[in-house]
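Worksheet for the structure shown next.
Every chain is named by a letter (A, B and C) in the order it is written, and numbering of its residues begins at 1.
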């Protein structure tokens, strides 16, 4: 049996189903992210693990014990909030020691643990400061230390980086991951930021409208999205209407241009209307001889995005974005010029709606 | 929108020069004419004897004459008791409609009612309590007829310390509700959840987090309540007809009274009051600043 | 279901505190109302009929209302531009002005009125001469009215300033002004068509609190010798039993209606708390 297990969890508020039949097994030491748009049920699921919400149906077990109905203050899981939630009347050290204090641990043990935690988050010179004297990033590190001080069985992070500046967000996310690996602690991380989820997780659970869309490693989620929603939400995606012209060979017709796909469309019939998706970075200019998906196009627009240059091309009547890495010697085509672009048949995805 | 021929005003923000201060001159002028000059005039008048000569007598009496010292004592006692009593009841009521989990409509009803009641002072309030707790009052009768308890035989008197305190409480605790409701709203749900998550019980959360966070607001509000009762005149006068010797009534009697008449002494007592009020206001501002710093 | 969450679901103590407070609120009002009806069992509203039949009542009540309206208008004229100017151009004056608006708390009505009388009962003369260019304000009716309205403006200042300032903060007056300026509006248009409409509910809240303070006020009115509603009620109470009860209840209802109006117009946002 796995370390943390959610079985058939359903949560309803009145008539609204917020989480629908959610099942997930998390191994000890694993870092799992819940990724999805706001209102998808990811935070509610996390709060059910913390005990702030009670599932309408289903069980949650932690290390073999059923914790479904346990009060939050009996659970021994550490939680980190988006708004830091540091106690404003306590210093950094007092905040970190709070959990041990309410457990009536001996004083020496608390101060030793607090010291240990403060050095873990590199805030040695700030132990006696109050939260309002710290920056957002520092406050969130204190909140991490406070949650870890009680030796929690699971660490729950509810969008911990969303309130921070872009730069700090990246560095703190690496720090969280490093500390999690060092301590070997099991963590669940809720976010709506796909880049964050991809960079930090062992596994990602993509959620939408209370339902689990796909579970997998970041590599699987990005490269082999199983649904249209996942493909759209993680990374950017071109989508166009197409018509099946040969289900067995995998031939599609997009506005008069023929595409070949590696996706299995044998169950479809000739003439069926479907949607076809291609990630922008899978396109490239067709310089050398290619056998498949060599497509005539017109350059519509060029957008400079920094490390990437996004080129909008028109293939037939459909418009696609194509991403290419920037370098100073890049020879960009002129707007309006005719070019040829290509992509492999594996890049052409036909996904479940 | 109506088009006017006037040029749009400039957007540039220049360093403040003396002309910018002209904008607040009317306000300062008003404050000087109707607030500071009158106060200052009382200050100088308190060094004047009934015969119109310069004297330190009034200031000396302020701390030596027993009836004056007692008046201050009584005023401070009534203010402190009603600030504490009104503060506690007001806090509990504010708690019940904010984090206490009562239905939302009760909250706006309570806030509206508190707005009225905190300004329901003076003559009408005195009559209301006479009708309630006077010798022929509604509650007095109920207690006598149904519970066999005659509160007047038991020593209660509406026109005494206890009675006046009960009356003052009527405008004290609504004021507390008005001040504390926003402060209680400032308690973040996450603090409670974080505390619970770290293993704290509800009692531990209140003792270690919520009450310490609220303490400056609570004390600050109670100081306001103290001043609120300390400066009250009309309610006490309407209720007792001047028979209770609190400072404000003594001041009125010294300046306008028929029996006692020593305006200089009255002005000196007024200055004494201003000093006490100023000290409590300073305490209030200090606590206010502390709270704002925490809750940023 | 855990004990904690069950406890949160049934707020037993909250109900207790709320009901205790509610009783404290309601009992005196009910007792007053009940008492006002007992004058003559045959004519239940006799006390009200008698009160409203008295010309003195209407005279003083209308006069007090006129005073209240005057106080509100002059307060708005004085405080809105000041608060606006401080938010926009003079933030360094903020602390001192806030301090001054709290001063009426330090100088209660009973002290303020004697100070005003002391100053304005002497004639205005050119310093070091005997040339009098204005009689004492307390000597003529218009002068007394100026004094009492000014006094009420002082008493209402903490409420008015706080309401207006809070209103301006919530609508971000600075950005609104800059937007209006960039569209070519002049000061008159900005204040009358942008600022005032946006702080409407704050103004109303401050105005009605002012109203509540002024209409039943006794201290200033009686020492300045003004025939206002407060002193009238007080005198009535010395000789009569039932009419004052009826009028007390009536004035409470009136204040309550006014406050209800704040809630209605401002959607529960406009309540200002301050020093009493």
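Methods note: contacts are C-beta pairs under 8 Å (C-beta built on N, C-alpha and C of every residue); 3 or more make two chains touch, one makes a residue touch a chain.
As the structure is a prediction and not an experimental result, all values here were calculated from the model.
K.L.:
May I ask which two chains are joined by the most contacting C-beta pairs?
P.N.:
B-C
K.L.:
Taking each chain's centre as the mean of its Cα atoms, which chain lies farthest from chain B?
P.N.:
So the farthest one, by centre of C-alpha atoms, is A.
K.L.:
Find the geometric centre of each of chain A and chain C from their Cα atoms only, then give the gap between the two centres in Å, rounded to an integer.
P.N.:
About 56 Å, centre to centre.
K.L.:
Which whole number of Å gives the spacing of the CA centres of chain B and chain C?
P.N.:
Chain centres of chain B and chain C, defined by C-alpha means, are spaced 15 Å apart.
K.L.:
Identify all positions of chain C at which a residue touches two or more other chains, and write them in rising order.
P.N.:
Within chain C, the residues that touch at least two other chains are 4.
K.L.:
Among the residues of chain B, which are close enough to touch at least two other chains?
P.N.:
As it turns out, chain B has residues touching two or more other chains at 196.
K.L.:
What are the residues of chain A that contact at least two other chains?
P.N.:
Residue numbers touching two or more other chains: 51, 71-73.
K.L.:
Which residues of chain B touch chain C in the complex?
P.N.:
Per the stated touch rule, the residues are 1-2, 4, 6-9, 11, 13, 16, 20-21, 23-24, 26-28, 30-31, 33-35, 37-39, 41-42, 45, 89-90, 92-93, 95-97, 100-102, 106, 108, 110-113, 115-129, 131-132, 137-139, 169-171, 173-175, 177-179, 182, 196, 202, 224, 227-228, 230-234, 237-238, 241, 248, 251-252, 255-256, 266-267, 270, 273-274, 277-278, 281, 285.
K.L.:
Flag every residue of chain C that touches chain B in the complex, lowest number first.
P.N.:
Contacts found on chain C: 4, 7-9, 11, 13-15, 17-18, 20-21, 24-25, 27-32, 34-36, 78-79, 81-82, 85-86, 89-90, 92-93, 97, 100, 102-112, 114-116, 118-119, 150-151, 153-154, 178, 181-182, 184-190, 193, 209, 212-213, 216-219, 223, 230, 233-234, 237-238, 244-245, 247-249, 251-252, 255-256, 259-260, 262-263, 268, 271, 273, 275-276.
K.L.:
Under the definition above, what is the set of chain A residues touching chain B in their complex?
P.N.:
50-52, 71-79, 81, 83, 85-89, 98-99, 101-103, 130, 132, 143, 146-147, 150
K.L.:
Touching residues of chain B toward chain A in the complex: what are they?
P.N.:
188, 190-191, 193-201, 204, 208-209, 212-213, 293-296
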